[in-house]
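Each of the next two complexes has chain A plus one more chain, namely chain B in the first and chain C in the second.
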Partner chain A sequence: MPKSYYFVVVGCGRLGSKVAGYLSEKGHSVVVMDKNEEAFERLPPEFTGFTVYGDATEMESLKEAKVNMADMVLAFTANDNTNFMVAQIALRIFGVPRVVAYVHEPENIELFKEFGIEVVCPTLLTFETMKGIFRFLEE
Partner chain B sequence: MKIIVVGGETLAYHFAKMVQTKGYKVVVINKNLEFCQQLSKKLRTLVIHGDGSKRYVLEQAEPLPEDIVVTLTPKDQDNLVISLLARESFKVRKVVSLVNDPNNREIFEAFGIDCISPTEVVADMATRYTFAEQIKSYFPISRDLSIIEIPIEENHPVVSKQLKDIPMPHDSIVGSIVRNDEIIIPRGDTVVKAGDRLIILCNTGVQSEVLKVITGEV
Partner chain C sequence: MPKSYYFVVVGCGRLGSKVAGYLSEKGHSVVVMDKNEEAFERLPPEFTGFTVYGDATEMESLKEAKVNMADMVLAFTANDNTNFMVAQIALRIFGVPRVVAYVHEPENIELFKEFGIEVVCPTLLTFETMKGIFRFLEE
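Presenting the complex of A and B:
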């Protein structure tokens, strides 16, 4: 049986809730955090982890989510700067080995990478898909 | 050398005005268009309208390594990104940031950014004024540790007591007694007299307890 990991997902939005459900279904321990309690309603039925209601830019909330124990933190809020700070606190203060952040503004990717954060950029991913659709132009 | 002020409103205006009168060149970056328009009239300086945490906005201020960047936004995450952009992308050596939540100081300091924490400054000033009557001087060493000096009066419960019989709270110690301009390094059997000045090293959290034990008042 593969190893079970501990994930902290910050931001229970469309992506956060989906990823949390997926990881939970795969048998990993997952804690999801959001500053809006209603956001947890998005979690799919396969999610069996815990939720922490709090602002991830406050150190106390991150402690409550036991970020120091996490194998990976996913900073998935709607705000790039919040994701950056959460990621840096996770890496630098809590010593989390891997941190992935959602980066909305492609301009920011370089900065995130420079500071050791793995990046998911919806704009670029959509663009790649679009390029696939545009392939007919070359036919 | 110029000073680039990012974010903040009242604070940004007064700060910019102050450094301008001292003869420095100031550039202000702000998200609020109306504020920018007012400011450019009042200060007659370059005001850039935009989100300073975006590289292409910060770039318009043309930051140079010898410049100073001051971030004053109400969100610590924005301040952190602006500070690090200034440092990493533009190689600005001196970056000063407002830290709204004192608990976030740690992360700013981890990157060597100078912090201003109004919460801590105000709390510190308030402490000084609150205890002003009983404490003669007060030196905060760090957020958790302070040295306080308490002058002993006739009516204080510790007068004529040996130090070992004074129930000092945990995390506090009488480090020295000043008596007639002489410094005594006290031992357990040293007797406290009226007119002494007790120099106490203590955890900030037990400061009021220390005062209560020494002076009998809260």
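Presenting the complex of A and C:
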């Protein structure tokens, strides 16, 4: 049987909800945080994890989500600055071993990496896909 | 020498500006449209194409951008509904042979495809990348 991990997903938007549902389905323990309570409606009905309604840049909310126990924190809000702050608190204060952040502005990627944060950038991923489409056009 | 094409990019956000700069650098003719004039500041200084300041769901703006001459239209605004509308007008009214749209909500993808629109979905692309990261964790 594969190992089970504890994930804290910050931001229950399109990506956060999808990832939380996926991890829960895979048998992992998942807590999803959002400061907008309606965002939890995006979670699939099969989601077996917990939700924490609160601001992930506030220590109380992070403690409630037991971030100190997390194997991985995913900072997936729509705001790069929030993601940076959440990721830094998770890494430096709570000692979370791995933190991945959604970085919307490609120019911010290097900064995040310098601070030990792993990044996924939807803009760059889409740009790479588009380059594939343009190459096809040139053939 | 590779062929040169005429592209109309609707939406000069993070992705639109990056793609427009790339296509211009590759020697293609590019027109970028946005209803927010400041958005054009995102374009790289080397951008040699044109900008059209206007609402791409209005026929006059699309005519100004000579959408009828376009080899490809890229509907890259932040709003799926706008992208759908722009893509449909480009395909059905202006007879543009290929239209690619940014689709933020994965649930909308099938609808776009049924209407002949090619799609790129940042949410799904990022989700796939995340699944790669999780697999690595399980090893």
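Here is the rule we use: the second predicted complex is superposed on the first by the 139 of 139 C-alpha atoms of A that agree within 3 Å, B and C clash if a C-alpha of one lies under 4 Å from a C-alpha of the other, contacts with A are read in each partner's own complex, and residues count from 1 in each chain.
Here is the rule we use: a residue touches a chain if its C-beta (ideal position, glycine included) is under 8 Å from a C-beta of that chain, and two chains touch if they have at least 3 such contacts.
What you are looking at is a predicted structure, and each value in this text was computed from that prediction instead of being measured.
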item	value
First, second, both or neither for A:F50, with chain B first and chain C second	neither
Chain B versus chain C as contact partner of A:E60, first or second or both or neither	first
Partner chain in contact with A:K131 - chain B first, chain C second, else both or neither	second
First (chain B), second (chain C), both or neither touched by A:E118	second
Chain B versus chain C as contact partner of A:Q88, first or second or both or neither	first
Touched chain A residues, chain B compared with chain C	C
Contacts of A:K26 with chain B and chain C, given as first, second, both or neither	second
Partner chain in contact with A:N79 - chain B first, chain C second, else both or neither	first
Partner chain(s) touched by A:H104 [first = chain B, second = chain C, both, neither]	second
Partner chain(s) touched by A:L15 [first = chain B, second = chain C, both, neither]	second
Shared chain A contacts, counted only where both chain B and chain C touch the same residue	105
Interfacial residue positions of chain A with respect to chain B in the complex	57-60, 79-82, 84-86, 88-89, 92-93, 105, 107-108, 111, 114-115
Touching residues (chain side chain B, partner chain A) in the complex	53-56, 75-78, 80-81, 84-85, 88-89, 101, 103-104, 106-107, 110-111
Touching residues on chain C, where the partner in the complex is chain A	2-3, 5, 14-15, 18-19, 22-23, 26, 71-72, 74, 98, 100, 102, 104-106, 118, 120, 122-123, 125-127, 129-131, 133-134, 137-138
